[in-house]
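Same chain, two partners: subunit A is paired with subunit B first, then with subunit C.
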Partner chain A sequence: MELYINQYSYISPKHTHPTVTTAGEGLTPLYRAIGIDYPKFFKMDNLAKLGFLAAELLLQQNKRNLNTRKDIATICFNRSSSLDTDRLYQTTINPENNYPSPSLFVYTLPNILTAEIAIRNKFTGETSTYITPSLNPETIVRTVRQTLNNTNGNTAITGWTEYADDTHEAFMMLINKQHNSNTTTPFTPEQVNKLIIHLRKQTNNK
Partner chain B sequence: MIIWAGDNIISALGLTSEANYKAVKAGTSGIALHNATSIAEPFQASLINREQLDDTFNQHFHSHTNTYTTLEKAAILSAHTAATTANIDISSPDALFILSTTKGNIHLLDTPDQTYDPRKLHLWHTAQLIAKHFNNTNEPITISNACISGLCAQITAIRELSDGRYTTAVVIGIDLLSRFIISGFQSLKALSPKPCQPFDDNRSGLNLGEAAATIIYRKTTQPPNTHITLVNGSITNDANHISGPSRTAEGSYAALTNILQQTNHNNIAFINAHGTATPYNDRMEAIAITRAKLNNTPVNSLKGNFGHTLGAAGILESIISTHALTDNTILPTHNFTRGENEYPLNIPTKTQHSTEPYCIKMMSGFGGCNAALLFKKNTHNGTIH
Partner chain C sequence: MNELIQELKLEIINVLNLEDVTPADINDDAPLFGDGLGLDSIDALELIVLMEKNYGIKLADPAQGREIFKSIRIMAEYIQSNRTK
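Moving on, here comes the complex of A and B:
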């Protein structure tokens, strides 16, 4: 089965792809710059905000083409799970401040990020979250390929969404069985690796 | 072909699958009222006996005792017991470890002594540590998909084995309870002050539980005369709400229809539901089962025996269910007396006999995720090849 990378997006503190001019650093200015109206964004934790925005950047040009959404899979990978929000939730249950926050507790699950993307785009296919020590192109390609193979799916939104220690990185790809007219980039570990090296270099040059 | 080759359960009801299955069949529950000074209210839960776990672990692996957390010990002991019972070498380069957990060593965030290795908070690290214990050097897979993790991990195991890189998959599910998890469910007002009553009209919420459970899947050309296979699996999303189940059970219904495309409903012995005993979950599942026209098929839930064991639940409940399937038995639902009028289901209150070859395991979780698995009991007379 041939698979193609038909679109990709990237977010780090210094760089986004496609390029977006923001009024300030961080995820909220990026949300405002993208120009969408989705108040639920403000209820999300940092990890979900990051993944949500990466998916918005990814799908902006493709929204209208994704009309067979039933079989669209959303598969995310990261290193630190929801640890950023876990630490925040922990502060709400310390003995001196024992008011556990139910809205925060829900976000102590890393897969809520895939749910936010699925809800926003009405993707009812498989949603999965894998925790890996680092961004591993081979693991990503193998997992997505297996998922589409076994579900007879055509399309997957996949990538890396890491929010930890006051830094963040999201790299998302739109994977299809068919390539679109603009690109014929095959979905292989080599191509994914090339893309991520290129994107990280652009970040470091800023 | 890929077959179910071995399993183990460590829970309040025992340290082997057999002990756990026998206890459930005898109508035993591990749920009891617990008090912890750090937790505001007493809570009903099914807890692993720490002393018994430590003793058994030390008997097997003396040299490592001080370096592992209780969670790591439980997972290692479970994988070890599953492998030795089934006589499978899981240190082999042909073996892949797959970990299903929601929170791993999250209790460490709450310890006053913060000198632990910070990597221990990472789920991938827990998986690596377990694999390394068995001298297995393959990069393990870690899945964290809320309550359905244990079913996703089994689907991943089948996909990996079909892909051909490995011949053995060791699928481990684990979560232990800590103030972090208990306070969270208390804050959501999801916990019942009484032992939980899945699908009962009087149900008032869930009980939490602890378990480590392992299933070993294996590629073989010579399966034993009687063996279990995972025939079909499906994962779907409601795309509706991050914590509330769909009112129309859209995703759960889709998962059920996906796995049943080639199977006659009359051949299904029973459905082991998620059955958490929260008003919303059980209602949603009843709608899904009714929409899939399975409302005459016997349904049960194991939450009254084990509580909700989170990342271990999908593994643990699949093990008990396939043992029941092999035993030609439909287990009753602990503490169930009378169901809802609106979506009536067939929920046995006593153990029943069935020789039908299939059973369904279904679950749903936070993040609107749903999963369903179809298991088959295969019996050959050994003469036909």
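Moving on, here comes the complex of A and C:
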């Protein structure tokens, strides 16, 4: 089965958008810059916000094409799971001030991030989040291939969404069985690796 | 009562992360759920926690929330009659 990378997006504290960065002030300036009206964004935890914005950047130019297809898989990978929110939640269950926060609790699972993307875009395909020690192109390609094979799907959005210790990186790709007119980049571990090295290098040069 | 209503509005905006909402946007008598502020079931749980944490009111039956959270004014009246702190 031939698969292609038809679009990608990248967010890191230094490299995000022509007019704003996500360093210091967090992810809200990017939300405002993209011009979305989705109040639920403010209720999300940092990991879900990051994945949500990476998906928005990725899908902005493809919305019209994707609206006719809903069986799109959403598959994310990261290293720190939901640890950022797990720690915050823990502060609400200490013996001196024991008021566990329901709205934090719902984000103490990393796969809520793929659910938020699927809900926003009305995708009904597979959603899953995998925890891996680092961004591993082979694992990403193998997992997406297996998922699309097993579900007879045509399209996936997938990538790395890591939020930890006040830093973050999101690298999201739109994968299709058909390539669009602008790109013929095959979805292989080598190409994914090349792309992420290029994006990280661009960031470091800023 | 008006002071408590204003305090509640600010608390709700803060606790429920209603980023683009100001106290003036919240009508004292408008429904909090459904058409009003569009709150969901997780928000309802967060309001139950707020009642206990800030006013010492423990709702034994979460279904009570349906009546108490009908509007800001009804919520404020309930708090005024039942608060322990």
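Please note the rule applied: the second predicted complex is superposed on the first by the 194 of 206 C-alpha atoms of A that agree within 3 Å, B and C clash if a C-alpha of one lies under 4 Å from a C-alpha of the other, contacts with A are read in each partner's own complex, and residues count from 1 in each chain.
FYI, a contact is a pair of C-beta atoms (placed from the backbone, for glycine too) under 8 Å apart; a residue touches a chain by one contact, two chains touch by 3 or more.
The shown structure was predicted, so the numbers you read here are calculated from the model rather than taken from an experiment.
Within the superposed three-chain model, A:106 lies in touch with subunit B and with subunit C [touch as defined at top].
Within the superposed three-chain model, A:132 lies in touch with subunit B and out of touch with subunit C [touch as defined at top]. Judged by the number of subunit A residues each one touches, B leads among subunit B and subunit C.
Once chain A of one complex is fitted onto chain A of the other, the partner contacts of A:90 are limited to subunit B, with no touch recorded for subunit C.
Residue contacts after overlaying the shared chain place A:39 against subunit C, while subunit B stays out of touching range.
100-102, 106 are the residues of subunit A that lie in the contact sets of both subunit B and subunit C, per the superposition on chain A.
Contact residues of subunit B toward subunit A in the complex are 38, 40, 102-104, 106, 109-110, 121-125, 127-128, 139, 141-146, 152, 155-156, 159-160, 162-163, 179-180, 183-184, 186-189, 234-243, 250-251, 254, 365-369. Those residues of subunit A lying in contact with subunit B across their complex are 74, 79-81, 83, 86-87, 89-90, 93, 95, 98, 100-102, 105-106, 108-112, 114-116, 118-119, 121-133, 136, 139, 142, 146-147, 149-151. Listed in rising order, the residues of subunit C touching subunit A in the complex are 16-20, 38, 42-43, 45-46, 49, 52-53. Contact residues of subunit A toward subunit C in the complex are 28, 39, 42-43, 99-103, 106.
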